[in-house]
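The structure that follows is given in the form of structure tokens.
The first chain written gets the first letter, and so on, giving A, B, C and D; residue counts start at 1 in each chain.
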Amino acid sequence: MSPGHPTDSSVSAAAPRETFVLNVGPQHPATHGVLRLKLTMDGEYVLHAEPVIGYAHRMHEKMGENRTYVQFLPNPSRIDYLSAMHYMHAYVCVVERALGIEVPPRAEYIRVITSELNRIASHLVWFGAFLLDLGAFTPLLYAFDDREKILDLLEAVTGSRLTYCYYRFGGLCNDVDEQFIEGTRAFVKHMRGRLGMYHKLVTENLILRKRLEGIGVISAELCRKYGATGPVLRGSGVPCDVRKLEPYSVYPEFEFDVPHFAEGDCMARYKVRMEEIAQSLRIIEQAIAKLPPGPVMAEKVPRVIKPPPGDYYFAVEAARGRFAIRLVSDGTEVPYRLKLRTPSFSNLALFGEAARGLLMQDALALLGSLDLVIPDVDR
Amino acid sequence: MNELIEQLKSAYAVLVVPARADTQAAAVPAVVQPTDPERRGCHLEVTVTPAVVVDAAQVANRFGFAIDTITGIDWPEAGQMEVVYDFFHPQHRLHLVVRTRVPRDAPALPTIQDVFPGANWHERETHDFFGIKFIGHPDLTPLLLPEDADYHPLRKDFTNVSRSSN
Amino acid sequence: MVAAIKEFCLGLHSLATGLAVTLEQFFRRPVTVHYPWEVLELPARYRGHIVLVRDEQTGRLRCIACKMCERICPSDCIVVEGAKLPGESRKSVTEFKLDFTKCSLCGLCVEVCPVDALAFSKRYNLASTRKADYESMDLCELAKAGDAK
Amino acid sequence: MAEQQAKWLSCAEGGAGSEPGSLVRFARLEQLLDWGRANSLWPLTLGLACCAIEMMAAGAARFDLARFGAEVFRPSPRQADVMIVAGTVNWKMAGPIKTLYDQMLEPKWVIAFGNCAISGGPFVFPGQYAVVEGVDKLFPVDVHVPGCPPRPEALIEGILELEQKITGTRRWPRVKTA
């Protein structure tokens, strides 16, 4: 807490206190979409913050109960459009788990490569948007430039730039070609150099450090109580990553670290994400080197998807944290219940508590460091 | 890790709704069932009566679990609504599910938001979608639905709300 | 005092490095694609709205109006009608309506088609002042106008 | 020329997306103003969902909306000329978005960017309870850009289409696609 904070007893005893409510959003440049914040302010300090959500509620869960398993395929990539691949991964995996389908190794390797590329693209958007919040415009242009390179690679394989509908139950809808492999190799090399440039341009910048270090500290205990995951939890010093903790796909076959920093401030979350880009590059490099030949679609996939009745759960590590699907099947072609556990929802839930006592601009830095995607919060 | 599961099991085994003298209701113990994580995605499933969900959450809290999510499932044929609490462990590969069922015509159960403050939003969302009341919850106004919403869209008998396109 | 001077130097240094990084960009090739004059080459798999495919030999539309695409479409945006022409065993498509404004470009229709009668177009820059242009696209009419594969 | 006259007539009647009619008109000045408006369309920052990312991409270096004078994203509706509705609008957001539209100063235009904004897109199904099936139910829309999401080029094309609507002529070449 900064000195001179109004909750200091010395200050509060003096002049009469007057608070006011500041409404931020739902259309506000700092809230990344249609989030609304009700901030009770005492001067420049936030006394109480209440996020108001639901402005991008798109009833994905209801749609899950209205459509067949195949027809729901376009939806997961629209829940969190920035990490579409991970969400598709969770959805196809939960159905594969229910049906007991074995996915050919080549398909799983390609899933990992595309997922990790997607993670880098997502972190790059965060990088640009976060620094835009802090008042730096230039990094956004660099980040989007690099992101376009990823999008070109993914578009060549999947046919779309953002909402890839690429994974299928039992594999992928089409194989990657040599051009993609070469392009990805070149990108890994290019991105390593760019990361160094980002650190020079941004991470070492004194203004950025002053804006982030020691600001918006979130403790590991607070994360646990609110179920915050992903870079938020890792920025609080807990090396919790679904890829390591509950390994899925072929992740156990790769060597990578789970970056975590104990400080728990905005800078820690910033460093976690930057470090994660480097780790993703490492995974992609290994996956390309080991990419086995073979089919990309399992042989025994039923024409009509009818999972046996029961309750199935699958979690993946998306760019924002733990994304999980709970699928309740009643044995028909249509899911009985599809619960989507999205990371942004839990990460935003703790904002109210974490923002208490911060300066207005620090609260917005904290909000940016949570890396929210509003349709992911609202589903 | 297996040791942890055993400890959890014994912790939940003692979770019993005490017999009540006034209604002559018998004591109900919690049902603890280990499940195959490869097939189902969770390690331990605990079924409790609504009265002890707070105790069940406290056990999870004691073991260092973090709250994953809370959700409802509507079972109109059984005349019940199921509330599912998911907990994950930040340090171990361990996923815990606590289930409870409430009658469909008057769905209500105690809130666990005093144990896990993060449950606040999850419970509000469950109330939005299913109309399940969480007793002791400070604010059950719609979270994801519009402020004036009086419908519960994920109930199986939900029909469209009429909208005027003005 | 020493700390303040140190910080000042550090700030100046980080400012200089940042400017140097930006200065480097002056000597790089510009990344901007000058769109209306210069266009990007789209990948072969690019997904635009769907179009009907003609048979290479007969020059007729391949679609047999089996309605598989209509059934699998998650957004119900396809309506297919077909009829048997006299003296033919298979059905031919008579009407293929696409409501592109509801389409999510998932490609399930193209995948499910048993006779490969659907393909993605490469129309990536559609824009119109009329909603009706995309609300009921008649793919048969488009095919007649030469918009088929 | 007939097209131009028709446009002026619709202006006088207070047609959608143009100034309310006034009795006295200065044709040359009007044209000059239109020319100015068309080449400096300032959009309102209104990212709703997936399409907003493509809108950001269109504003970034590779596609560079600045070449058309449309890169000045304004956070305040009072300073914006065009509202690019990029994403799904649901009934909870319908009120705020209508307020934003009403707060924009005349002349103002709306681009419905992406299928969700045009008609609710893939989120429309019988019995749905949340999504507004097209922002044209809330206020008049000038340009429709379909796609899910559309490419940044499509947004540029939408801006050019709007320019054409304002000035009556197209200054930029058309791109032929297969």
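The working rule: contacts are C-beta pairs under 8 Å (C-beta built on N, C-alpha and C of every residue); 3 or more make two chains touch, one makes a residue touch a chain.
Everything numeric in this text was worked out from a predicted model, so none of it was measured.
Visitor: Using the stated contact rule, I'd like to know whether B-D or A-C comes out ahead in C-beta pair count.
Guide: By number of C-beta pairs in contact, A-C is the larger.
Visitor: Using mean C-alpha positions as chain centres, tell me how far chain B is from chain D in Å, no decimals.
Guide: Whole-Å distance between the two chain centres: 46.
Visitor: Using CA atom averages as chain centres, what separation in Å is found between chain A and chain C?
Guide: Computed value for the inter-centroid distance: 26 Å.
Visitor: How far is the middle of chain A from the middle of chain D, if each middle is the mean of its Cα atoms, in Å?
Guide: Centre-to-centre distance between chain A and chain D: 30 Å.
Visitor: Which residues of chain D are in contact with two or more other chains?
Guide: Within chain D, residues 61-62, 92, 122, 125, 127-130, 148, 151 contact more than one other chain.
Visitor: So which stretches of chain A touch two or more other chains?
Guide: 54, 57, 59, 62, 67, 74-75, 78, 145, 148, 163
Visitor: In chain C, what residues contact two or more other chains?
Guide: 31, 74, 104-105
Visitor: By the document's touch rule, what are all the touching chain pairs in this structure?
Guide: Listed by label, chains in contact pair as A-B, A-C, A-D, B-D, C-D.
Visitor: Quick check on the complex: what are the chain D residues that touch chain B?
Guide: 91-92, 126-130, 132-133, 137
Visitor: Residues of chain C touching chain D in their complex?
Guide: Going through chain C, the ones touching chain D are 31-37, 39-40, 48-49, 74-76, 99-105, 121-131, 133-135.
Visitor: State the interface residues of chain B toward chain A in the complex, per the touch definition above.
Guide: 37-42, 64-69, 71, 73-74, 84, 86, 88, 90-93, 95, 97, 116-118, 120-121, 129, 142-146, 153-154
Visitor: Considering only the defined contacts, which chain A positions touch chain C in the complex?
Guide: Residue list for chain A touching chain C: 67, 70-75, 78, 138, 145, 148, 152, 155-160, 163, 165, 173-174, 197, 200-202, 204-207.
Visitor: Per the contact definition, I'd like the list of chain A residues that touch chain B in the complex.
Guide: By the definition above, chain A touches chain B via 53-54, 57, 59, 61-62, 65, 94, 97, 100, 220, 223-229, 233, 238, 240, 245-246, 310-315, 322, 324, 326, 328, 336-337, 339, 341, 345-346, 349-350, 353, 378-379.
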